[in-house]
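Below: one structure, written as structure tokens.
Chain nomenclature is as follows: A, B and C, assigned in order of appearance, with residue numbering initiated at 1 for each chain independently.
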Amino acid sequence: MNAQAKPLVLHEDRLFPSDPTQRTIARRLYAHVARLPIVSPHGHTDPAWFAGNEAFANATELLLVPDHYVFRMLYSQGVPLDALGIPRADGSRAQVDPRAAWQVFARNVHLFRGTPSSMWLDHVFHEVFGLRQRLDAGTADTYYDTITQALQTPGFRPRALFERFGIEVIATTEGPLDDLAHHAAIRDSGWKGKVVTAYRPDPVVDPEHEQFTGALRRFGEITGEDVYDWDGYLRAHRQRRAFFKSMGATSTDHGHPSCATADLPPAQARALFAKIVSGAFDAADAELFRAQVLTEMAGMSLDDGLVMQIHPGCFRNHNRGLFERYGRDKGADIPLRTEYVRALKPLLDRYGNEPTFRLILFTLDESTYARELGPLAGHWPCLFLGPAWWFHDSPEGMWRFREQTLSTAGFYNTVGFNDDTRAFLSIPARHDVARRIDCAVLARLAAEHRIDEDEAAEVAADLAYRLPKEAYRL
Amino acid sequence: MNAQAKPLVLHEDRLFPSDPTQRTIARRLYAHVARLPIVSPHGHTDPAWFAGNEAFANATELLLVPDHYVFRMLYSQGVPLDALGIPRADGSRAQVDPRAAWQVFARNVHLFRGTPSSMWLDHVFHEVFGLRQRLDAGTADTYYDTITQALQTPGFRPRALFERFGIEVIATTEGPLDDLAHHAAIRDSGWKGKVVTAYRPDPVVDPEHEQFTGALRRFGEITGEDVYDWDGYLRAHRQRRAFFKSMGATSTDHGHPSCATADLPPAQARALFAKIVSGAFDAADAELFRAQVLTEMAGMSLDDGLVMQIHPGCFRNHNRGLFERYGRDKGADIPLRTEYVRALKPLLDRYGNEPTFRLILFTLDESTYARELGPLAGHWPCLFLGPAWWFHDSPEGMWRFREQTLSTAGFYNTVGFNDDTRAFLSIPARHDVARRIDCAVLARLAAEHRIDEDEAAEVAADLAYRLPKEAYRL
Amino acid sequence: MNAQAKPLVLHEDRLFPSDPTQRTIARRLYAHVARLPIVSPHGHTDPAWFAGNEAFANATELLLVPDHYVFRMLYSQGVPLDALGIPRADGSRAQVDPRAAWQVFARNVHLFRGTPSSMWLDHVFHEVFGLRQRLDAGTADTYYDTITQALQTPGFRPRALFERFGIEVIATTEGPLDDLAHHAAIRDSGWKGKVVTAYRPDPVVDPEHEQFTGALRRFGEITGEDVYDWDGYLRAHRQRRAFFKSMGATSTDHGHPSCATADLPPAQARALFAKIVSGAFDAADAELFRAQVLTEMAGMSLDDGLVMQIHPGCFRNHNRGLFERYGRDKGADIPLRTEYVRALKPLLDRYGNEPTFRLILFTLDESTYARELGPLAGHWPCLFLGPAWWFHDSPEGMWRFREQTLSTAGFYNTVGFNDDTRAFLSIPARHDVARRIDCAVLARLAAEHRIDEDEAAEVAADLAYRLPKEAYRL
């Protein structure tokens, strides 16, 4: 015990409005959904964890190093990435004692006040590790030791946590070249945990991806198709989609700079592809190619039933110096203004009225919620809205999502929650936040007599459990 | 009575904040405005209803078929328009029993939870038809029969409802070719209800409108002007505006894809018009032509005193397949990002400081409220802001409108409420929602000691009654 | 006493949420910060006031004529600027009795209901002048006399008010040609008040500024540098920055139409400058030149330690007729959509990871808070967010700023409050509003159990006092 330390409390009413009328209703609604199984249809956990079921190394490796939400904030206040032992692009790492890195984090934990990271971390500390004092410089060592020791025990292995968390199904995301060996190992192990993959073909779809040339070559080797020919390229996709589907995939995912789609006549598509594979293309060609492939993917979804997801609108690797030294995914991705109405029209005019087609849209540009995405989802039968995403996966962001899409898309053109995380331990915390916010939103509607409480309870359960399962065909 | 059915309650405090301090103030403010007459300065009811005063046919024809808010949501979840008997572009309709269509709606009524349609419909069910059980699959037939039978009685004829609703004046919207025969019939009938028209010249202003060529020819026939000559074209507008004004019009309305205006030298305007009527124009020409006509219309407003409205920023008929089969106005219109600052400058530099000119601006792009529209209306003497429009005509949308325009435009550069609807029965519900939200906004300001309650009461009455009358010169 | 007049009350709980739980916490938090000294790191008060310490003339000259927040609203409702005696571009003024101008204002004071101007003015009336009846037509003369008489007394001289307001330090803003004589006079006077300048070089940076040619010539004369040569021009800036720094400046400020930056190779920069000084440049050249100078300024900040501020995104002088008659800064400036992600990349790639560089960003486009500014500030070590600015400097605007930046930038990548005003008497009111809103935001977080109250109290004090001092190196 540290006498100076403040208590760490996870209040049972957290995130509920403090107005007594709303809070009372929110509590009742939450009681219906708090213990529903977790359905996690989109995320980035590592299937190797569940295949190998090895212990996590220590607090720093588990909670800091993989979490760019955390280290980007520290970096923004002058903490060098090397002080945290973040791996560099060349695979090397600064020689940092993981305990010292944890202490750096603990000394700066005030930076996270009011942020979702703070909420998720406190939930993990309190619920997973049983900590009851707030993290700060004085409790840093206690934290580090408690967490690191727990991780060596059987109850903290990945599969045990998966079961403890009440996860009914989780989807990971793999590239088109992945052999899905970990998924095979999970399936063959006899373990009952349901871990499925999702098809994310960006490296062979985006000509401006630094791995495109190599990935395309490997795409041909794996599939045995002539992937330098447009038809062969499309057949290779169909083949990999079928393989992913055989390993449990029910969805594809596409992370493009914009939401542009195209529906070129076949001869033009063929000519464009020839230009792309020749390497003699410009930025407009690359954009048009990505746009055309999205429409091709929609067509394949009609055939194989995989649900399509588009995650557009991010400027990747905005910090050139950092990218050169540390590589991708280091907290330097920044949202961009994103247009949907004109961008999606080619794809929608081609496939948008097909009864079996399903396209889930995400955004990093909240100005499109009320203006574009809500009205689109409230008309087109294929369209559904993914939840508040990434930078907007916060209590405030979730409120804005509901307040700005409800009147035009309703609740039933949305798909419940995605945690979209690689921070495995935070998954229960993130789903709990989403359920609490949806209950708070519904409690307000009920308190203002816009919905009856029995309807609100049904919506709460639909958002927490039924809609994600149905939307993703899980 | 259906024993399974849930009660339908229209709570007296609906839409008021649940915080007791705010709710108490909101109730007091609302008591001042709840029974003020309805002034409806902009909308799309059919003047034939009030001219002919025929009974509405049945629940489906009255409440579903004309309401694209309703059938777009059903369509978004896979209900074919033919299942509801929505008329097709060729005038045909699927053979659908209107009772069966009503049952489809009732089975899907959960889709509307939390939406404004749900609020409006419940208000109509409860207040107009006296229903006291919630609509669902089990009560669908009771609803259909109750409503359809009521419609055959004298108290549910259009004029009786108009009087029962407390409508002091309502404006309809007609195209430039309309002979306003229904308005003449109303005037000549001796009935006291005040129904005025508004001049909406889009079909002869937008060269990209599919009816443009035919409409322009007819424009010439009706007016006797040479409408293929720029001066004759402008004279034809002046003539029709005068005719509309003689039939009660106090405003014009302009529904353009953008808010672009232009102030070309006469020779350029003339040359542009020649290009337009030749048919050999491109999209930029069409945009510039619409822009120029807006400025011409502003000039005419200076002369005839008609208040000008611009409703910009909609991508019409976004679903090509649906448009080809069912035509316009089928719930496939989607908002676009809209720019006002540069767009309006030509018109404003020409006429913006004229004391008698009045221009009411609307938007479907809420990101412009705080950034562009509030600051513009808080400076230019001619500019006023129309209320939260169409996709934003919801409690949340109205709150955002006030919260994002109040600090720069105040309350007095806004014009109160427009229902903008063709759903006649929903008019009292819509005005009631607007009054309740304005009272809620004011109650919050008073509860946070930013405005005294006597001032709030005056503002509430101004927004509900005085400002729309003054702004529209009604 | 005016028997008809309403009491003017400055409620101790104003701006706090009315929910009792939140209000109680907000009160406690506010008690910690209410009496902290005022740090005003960015604003536009006139240093002549503090140098000369002359009495202000009367109520109208003090409170109406310099406040474009006030007269733009009056103008928007048809009050001519001449009726208020606003100076014209040629230096003349309409012959208006200042008391009559005050009466015009008083008759229209309802226009300000719910606006920040109303709050600031009431604070000044109540706290500075001891008025206890609301301003309206009936109390106009009492107001005018009370204020005007008070201004003639020693306690209302600028220095006395500065001390009474508890201002620890205030920054003014001067152009590059200013000799800072008033600052020298203040320094030499022996008065203890701390008034520093800030370097705002726009007139010699913006080739489209109407004073550019003359200002550049004078820039050369003052510095003795050849400012028509790129290297000489840069040396002149360095020299003036050093002079400003010697007079207390700790920051520079840049008010550009966009946030564009550039990092041209030296030869290209030189060639661009030659084109600019030749006068034979177009709008794109001007934009690129401003962009390049921002990056040069960042480089100079690395050397001299001045904190850099960018205030972008305003369309200046939107009303051509008004500009021709009355000149700049007459309430006709309108925000523009503004892009930051691509715009800032050249500057950031060059200097963004430098530990000593600090860049404070402002916006008039709130759609960038959550999408661009929060994520940028939550990554780049040099970046901090300035507070809700100008049109957004309202309770609602401050709430939106916090709600939309908190989750990605936290509190500690923001810099507390700037009053940014030339309305000297409103400074305590503006800081009080900011402190109250920050306490309200924090109270809500605490009431919803997202932050502990001891943390909230620390954040409140940091935002009110510590962060502005540290961010601006004051």
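Everything that follows uses one rule, which is that a contact is a pair of C-beta atoms (placed from the backbone, for glycine too) under 8 Å apart; a residue touches a chain by one contact, two chains touch by 3 or more.
Given the structure is predicted, the values throughout are model-derived calculations rather than measurements.
**Q** Among line, ring, star, complete and other, which one matches the pattern of chain touches?
**A** complete
**Q** In terms of residue numbering, is the interface formed by subunit B and subunit C classified as same (over half shared) or different (under half shared)?
**A** Homomeric contact, different residues on each side for the most part.
**Q** Report, in degrees rounded to the nearest 5, the angle of the rotation taking subunit A onto subunit B when the C-alpha atoms are fitted.
**A** Rotation angle, to the nearest 5: 120 degrees.
**Q** Approximately how many whole Å separate the CA-defined centres of subunit B and subunit C?
**A** From the centre of subunit B to the centre of subunit C is 40 Å.
**Q** Where in subunit A do residues touch two or more other chains at once?
**A** As it turns out, subunit A has residues touching two or more other chains at 19, 367.
**Q** What does subunit B use to touch subunit A in their complex?
**A** Subunit B residues touching subunit A: 6, 9, 11, 13-19, 72-73, 75-78, 110-116, 118-119, 134, 315, 318-322, 331-337, 364-367, 391-392, 394-397, 400.
**Q** Touching residues of subunit B toward subunit C in the complex: what are they?
**A** Interface residues on subunit B, with respect to subunit C: 19, 21-22, 339, 341-342, 345, 348-349, 352-353, 355, 367, 370-372, 374-381, 383, 403-404, 406-413, 444-445, 447-452, 454-455, 458-459.
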